[in-house]
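Every chain is named by a letter (A, B and C) in the order it is written, and numbering of its residues begins at 1.
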Amino acid sequence: MFTRRHLIGTATAIALAGLGSGAMAQDEELFIPVISKGFQHQFWQAVNQGAEQAAEEFGVRVTFEGPDNESQVDKQMDMLAAALANNPDAIGFAALDSQAAIPLLRQAQEAGVPVVAFDSGVDSDIPVATAATDNKAAAAMAADKMAELIGGSGQVAVVAHDQTSRTGVDRRDGFVDRMEAEYPDVEIVAVEYGGGDHLRSTEITRALLAAHPDLDGIFGTNEGSAIGVVNGVRESGQEGITIVGYDSGKAQTDAIREGLMAGAITQNPVGIGYETVRAAVAAARGEEVEGDIDTGFYWYDQSNIDDQEIQAVLYD
Amino acid sequence: MTAVDTTTAPRPSRRGTAHQKLLAFASLIALVIGFSLASPNFFQVSNIMAILQATSVNGVLAIGATLIIITGGIDLSIGTLMTFCAVMTGVVLTWLGAPLIFGVVAAIGTGALSGLVSGTFVAKMKIPPFIATLGMMLILKGLSLVVTGTRPIYFNDTPGFDLISRGSLIGWVLPGFPVPNGVLILFLVAGFAAWILSRTVLGRYTFALGSNEEAVRLSGVNADAWKMAIYALSGAIVGIGGLLIASRLNSAQPALGLGYELEAIAAVVIGGTSLAGGRGTILGTLIGALIMAVLTNGLRVLSVAPEWQTVVTGGIIIVAVYADQLRRGKT
Amino acid sequence: MRHSSLGGGAMTRLVRMEGIDKVFPGVKALDAVDFDLLAGEVHALMGENGAGKSTLMKCLSGVYQPDGGRILIDGKPVSLPTPRSAQDQGIGIIHQELALMRDLTVAQNIWIGREPRKSFGRLDEAKLNADAAAIFDGMNVKMDPRTPVSSLTIARQQMVEIAKALSYRSRVLIMDEPTAALNDTEIAELFAIIRRLRSEGVGIIYISHKMDEIRQISDRVTVMRDGTYVDTVAAADTPIERIIAMMVGREIQHSDIAIPDLSGAETALEVIDVSRGAELKNISFDLKQGEILGFAGLMGAGRTELARAIFGAEPIDRGEIRVHGKPVRIASPSDAVRKGIGYLSEDRKQFGLALGLDVRANIGLPSMGRHSDRMGRINEGKLSEVARSYIDMLRIRTPHDAQEVRLLSGGNQQKVVIAKWLLRDCDILIFDEPTRGIDVGAKAEIYRLLADLAKRGKAIIVISSELPEVLRVSHRIAVMCEGRLTGILPGGARQEEIVALATKREGKTAA
């Protein structure tokens, strides 16, 4: 396991070195590498899209990359280190583990490279700005909606995507805390972790349904988890389970349109990407930057999924 | 289970393997009984179906891995190959809009071709299997992302595609036994692989190569060509795994697959197949895959903390393989 | 055909090998060797270990390609690029190291590569087993073709090899020491099979060291020595002594070894009545400080097994071992090392050296404890100093002590192994084939080194399959045959005496 990851890391580093040397060739425009938490999920692709929009608008060069999954803190560190080595003008960074990143961020600070945090905050005063969804508030909204949908009492479970990352913890806690505080008749019977993997989340859901025959609702904390929950419920053929999701993606929007999923929280990923690059450009040019950029979140369900405001923040 | 008992033909060392199957099978039964006693929710038709369904993808991958491991090799690329086969199915069905059967052919063909490439690396270029398939693992992972542009491909426009895994042919014939097709396919693949291993020339050389490759060569057999054929067959079986996961998720998710190879190898090893090559059974692998699925499902049903689920699963793998070592030491 | 006792032109010549050369890196294994085989004869091929018998046969069976000369089958020149092509010419070989697939059954082994098939690549298992059973019936051997080979004894596995060779309908059957692992009953069975095959016109090439077998079974004998052809004689009317003389070379090797007076020396090692299974039978001998005891014998005589038993690498069933007069229990090699016994394996590369490590690390390997501190950190300076002193003492030719061992020559690798055990304070040293794979010049140096070590009071056992070597270094010579110690001769004994003891089978004389 270690060897495998190690090798992948090395391969990535080589690839990055290649990208980097290409980057050195042109120098007039600002160079802003964006290190995300992932790049394969649709959510991150949407962030990327927003970043590219901003890049075009401000005439800067942006690169976008992230590790395979949200537990690969070490690989993200490698990426950040490689980005710093390429003399960037500013960096966009979504920390998987903000503590682990501090030495490198300090290095950026010393080199005079402004850092813009996005997606989740960094526990440090180094970033000049943070463009993020308030995950806790968003998950709390999911709890409100869930409680409302199941009539204020019953059993619910959480299929979370990660046990250690900021977003995983915040969404779980936001949901669980709000339930416990506001809805005493709703019992949270289980919290399981599927790593955001569709198939694993499916298996978890099936086990949850077996273990808790009286389950009323399940909350999936990101795209992969939510789709896994939909899948598991669909396979089991069980009726009357209220599913609340997070983020979008075609499978999730389809499930909402079909009525399998009650609704979901969507962030504004395009906005996150756009705001990150906009703030980075401003900081690189020495302009004033707003510290906390709330990029917002929305609840969407069958009733409003086709509204313009919602469609603008959904992605396929 | 009985269906497979009859399809798995007697292997050379009958008594030894019968004993071994018994041991693995006994552990499986013990786990099932243990979980059933611990929770009334475990032994329910719907949960048993969930366990079988959870076995289907890993089981098919493990069968592919078994063939390679019996030759004394190892295949680390099965997880990402599964994904790549799913992606190619998506390309053929959704992007090209071809009829369903071409998607099936695409998955199996892609798998066989990729297996042939791995086999060439190993047999002709003499690259150690661990390295050759490690390279393939990364290549295929990358290709999946390149081909899809990192976006999943959905199968909404191919009616009936999701039935490959989710439908139930058996339930249609025998209402009351809603065994999902994915499980049926797993058992068919197992029967086919067991037949290949016990009844065909290809199977014979699979064991012979793992037993003493030099002796095979000295006997005038074209060892390299046969080895490539085995890798190709294993790849084709992994392709079926790709089809199953695509059907189950109704999409080809290009980011999945990494780590699946280790679960498959774990199932093979629990099933008593020796990593040194030369011996192994499909029935053992099937039981190994079931043990893995029962274990993960059971621990969740018992609401064991997720952190501890991982610890227990790791422990069980060690115990299972150690028990097998002990048994072998005695005979 | 010089001395053939066989009748005139009635017999067809199946094989003729003319002027066969084979060169391996650094060694000329075969030098213009001639050989021929008639239909319906058993032709014994004899010579000491390393004479080139197996190499010649591997050329005939398509395993090796000769570098010179030609091979004629039925009078027509052929090329045999692969084992398969030799099989197609009707040449079957039973390799000395059994080439079987342990996890397959007897029948599956016999028909590997030629499985009877039905449609779709399906195997015809019934026919497979029936055909194999028929071969065993023909051999008059009881064998269930469905038994896995891994459950058979070595002797039974040998039977499978023979059946496999027969299954090719071979007209030429090469048997490389087929009786090495067989008991008398099994040998009798084998000879019955050989005689029957001979009567059917099969030509059999029979490689063996056992003189009495040669007399019993063969028609002609060809002798090889040092990769060259010596002579071909009729078995019936050539005395054994003459064949032995041909094998070892006519020029009697005069041993100029100075045998020291050891009457006052302390006994370092006593082996009393040591036995294990069929491999070691009631072995007793003693070894004094400053003495070199040579062990002669044929392959499989039990010399290496004895060495490994003394060294604790294999358990013993019975008997006692005393070191410096005290009975000791040696259950593992680490016990042996603690008692001051060092074993230099015949296969240096597999057991004796870490080839990828440097000279210094190899020399220090068993004594790392003394060259490291409490934290396990190695004191490289001290180790290097010690290593350099041994490099000087043994004259190991290496540019520096950090050279990787794999880059050294065979002789210098051997010296590294010796240095390793000397550093560990071993005063009983067992050398198993100390000059295998070492060129002639370096051999002389190893011999000098052995004498030197003895002078310094080390007790030394040298196991060697090369008689001249045993004669050259030993103060006394112990000879083994089939797990028994058949005699201990004084240094400078005649080669013929040694060979006679080495072929002295139980309850018989050497012909």
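Everything that follows uses one rule, which is that a contact is a pair of C-beta atoms (placed from the backbone, for glycine too) under 8 Å apart; a residue touches a chain by one contact, two chains touch by 3 or more.
Owing to the predicted nature of the structure, the values given are computational and were not obtained by experimental measurement.
Undergrad: Grab the C-alpha centre of each chain and report whichever is closest to the global C-alpha centre.
TA: The most central chain, going by mean C-alpha position, is B.
Undergrad: Measuring centre to centre, with centres taken as mean CA positions, what chain is farthest from chain B?
TA: Comparing chain centres, C lies farthest from chain B.
Undergrad: What whole-Å value do you get for the distance between chain A and chain B if each is reduced to the mean of its CA atoms?
TA: Spacing between the chain centres: roughly 32 Å.
Undergrad: Where the centres are mean C-alpha positions, what is the separation of chain A from chain C, in Å?
TA: 68
Undergrad: Using mean C-alpha positions as chain centres, tell me how far chain B is from chain C in Å, no decimals.
TA: A distance of 45 Å separates the two centres.
Undergrad: Taking each residue of chain A in turn, which ones touch at least two of the other chains?
TA: Correct list: empty.
Undergrad: Note the residues in chain C that touch 2 or more other chains, in rising order.
TA: Not one residue in chain C touches at least two other chains.
Undergrad: Where on chain B does chain C make contact in their complex?
TA: Residues 12-13, 16, 199-204, 207-208, 210-212, 214-221, 278-279 of chain B touch chain C in their complex.
Undergrad: Which of the residues in chain C come into contact with chain B in the complex?
TA: 63, 82-84, 87, 95, 99-105, 108, 112-113, 115, 117, 120-123, 125, 146, 148, 150-151
Undergrad: Give every residue of chain A touching chain B within the complex, in rising order.
TA: Chain A residues touching chain B: 1, 4, 7-8, 11, 39-42, 45, 68-69, 163, 189-193, 197-199, 202-204, 206-213, 227, 231, 234-238, 249-251, 254, 316.
Undergrad: Could you list, by residue number, the parts of chain B that touch chain A in their complex?
TA: 39, 41-42, 44, 46-47, 50, 53-54, 57, 76, 134, 138, 145, 150-152, 154, 156, 166, 180, 245, 248-251, 253-256, 258, 262, 296-297, 300-303, 306-307
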